[in-house]
């Protein structure tokens, strides 16, 4: 990977999928370039294709045409196992509904990607505690996910996303399930993350969050209206 | 473990559901264990019972099994002498079995009599008093039920009456004998009142002495490995007799109880199917409920292999816990079922249908664990194939 | 050569050997042999056999006068014994025990109690014992009573296993409807209506399952009978599904299905809709 090159490069992405017998054109030729340290917000109304774009650049879904490169690696050339490994080690995901495993504690949720990456028990426990402290949940490490508030769950999800030191953090409506005050805490955390050097791509309806980002991409009907 | 035990821990999310599944698997496991015990226990118990005294070969009248008919062998003493001279034979003895009467106060009670050779016997174990000497023609051994019926103990005198002759309306032969010892007859059914005397004494009581008759000849082979060879040689030398090694008798016995063996296979298979269905159904439904979680895990980079391992571990944990409970339950139900089946009329009291053994328990547990774990394959496959993007889209709505 | 025996109920019994041989001489005894024995020795009516009490003394000749199908007897099927019938004097002569029998049958005048007749005989007779036929029947059916008790015990275990299985399936089935129930609650459908709908669904599943299970049981019973009849070469019925059994099974599974469905539905309708929806 070249230090000067983009962390993320999406070129002419098209995504069609069938729905109730008709073809939905979710993306109609979207290109995007994200550099190290960028804080990008993708905004737009529901159905504009922003979540689909996030899934394509996160290697969760495959485009109908076009290409995605993460740190110079073209995702379409990867086998499923390699793509999974790339998501594990190079990308961090944050979801609107947190998606923590309710049977695990906050610490175990954060440890999970590290365990999958093969880190030893002691090392991953130490890093999980460090990350939980970073997101302000040092005292809640041994609480189960179900015992946490919405904001706390999202902060655990952020710690989980950071576990394997990803090159890019991808967030899909991270404040969508939170009240204004709690949402603000997440915005503050994102700002701190970006200040500490984390590259962020955030899909959002939240005007405050869009305002926080250094760069805002507006989407409508599967196209980028403005960048 | 990569998934930090996520699969196994998920079992605690629905306690009622998990408890019901465990109960179902436990009952199925109990049934499976019982049926495994039944299928192997019959022959093992029978074989052990026959080998209690180490005599590995039985010789009976042609076409019969030991004590299966009233047919007898003539010239027993001569045959025993011939058998003892056979190479490889360590000991041989003759036994005559007959029904006879004993006098208790002023009435007669029906007894079963064994005519034995104490120096070569495979029929009893002494529990009180002493054994008969080889020339003790005035001594008798009693089983506990016989002692009860005759109201006699060691040192008492009892009167035996042989066959009754309705033509002359009196006991043809009667004899007073001194009780030397109390014994447990190995092949007696529960409560069977049996007595034992020296073979010639019983032959006279049964009016079988003129032809020196015996019901069965028992042979102890010096080396267990040579039993089949010796049995075959005896078959050739004594074609007028049925020669059966314990292994042969087990085959005959298995044939008679084939119904129970087949029933055990059928019920054992059904138990396995029930356990597999339970595990598979539960896991399939829980996997479907957790598709969102699974899609999330896949999205954050957890491999399909880890997901599959977690689902299989969940199935294995469920089966293991169910099997552990099932083994305890199975041991209890086996005692109950054994009590029913051992009440078969005429079945030796020493015989068991359900014999708990380490190998049986291990086999049943392993079969259940393997099949129970395999039952997780389909839900694991479902989990591994879950479409990540579509599931996340659906979860977001 | 094959060892054969005569059934005790003929009056006398014995075990001896039989060998198919060349055509008959004059003054030979007649025997009736059972079908399986005739098939195994390839004998038919008119053939001559040699009989003896031991393989080395097969000195009696007999002609096969009849081949018969024995009455199916569950006590005999596993023994694989072969039987033949002959006239009592011929058998007594063969066994060398003239005028000796194992048992005698006694017919009573109408109205005479078998129990009292047997008791009277036992008071006066010497050397034998008299039993009413019912006592012998009860004694000889002991084996089947044991088998019957064993089957009942197995049935109880099976019912427990089935009940747990049914409860579990019903619980899972109802819980699958969480989202539907949540939506119904959101749009204002009453709890009672949802409960009724879920209960009806459980009843339908239990009814269809019972019907399928009954059909399966008949198929399994037919297969069991076909297999064991062939295995034991007998006309006995091994599996019999009576209307009472069907009724009991169907009612039990319906009751269990409804109870399990009701329990699970009750739990579901008591849960807050947002929790059902996954946002509680």
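The letters A, B and C name the chains in turn, as written, and every chain counts its residues from 1.
To be clear about the criterion, contacts are C-beta pairs under 8 Å (C-beta built on N, C-alpha and C of every residue); 3 or more make two chains touch, one makes a residue touch a chain.
Remember, it's a predicted structure, so these values are computed and weren't measured experimentally.
If each chain is drawn as a node and touching chains are joined, the picture is a simple open line. Put simply, the chain closest to the centre of the protein, by Cα centroids, is B.
In this assembly, C is the chain whose CA centroid lies farthest from the centroid of chain A. Look at where the CA atoms of chain A average out and do the same for chain B: the two points lie 65 Å apart. Remark: chain B and chain C have CA centroids separated by 22 Å (rounded to whole angstrom).
In whole angstrom, the spacing between the mean C-alpha positions of chain A and chain C is 68. Across the complex, chain C meets chain B through its residues 2-5, 14-15, 17, 54-56, 78-80, 125-128, 139, 142-143, 146, 149-150, 153-154, 157-158, 160-161, 164-165, 167-169, 171-172, 175-176, 228, 231, 267.
Against chain B, the residues of chain A that register as touching in their complex are 51, 55, 58, 60-61, 80-81, 84-89, 91-93, 95-97, 99, 101-104, 108, 111-113, 115-117, 160-161, 164, 172-173. Against chain C, the residues of chain B that register as touching in their complex are 14, 16-17, 20-21, 23-24, 27-28, 30-31, 61-64, 69, 71, 164-167, 169-170, 239-240, 255-259, 263, 267, 271, 274, 277-278, 281-282, 285, 288, 333, 336-337, 340-341, 343-345. Contact residues of chain B toward chain A in the complex are 1-4, 6, 9-10, 12-13, 292-293, 296-304, 306, 388-389, 392-393, 395-396.
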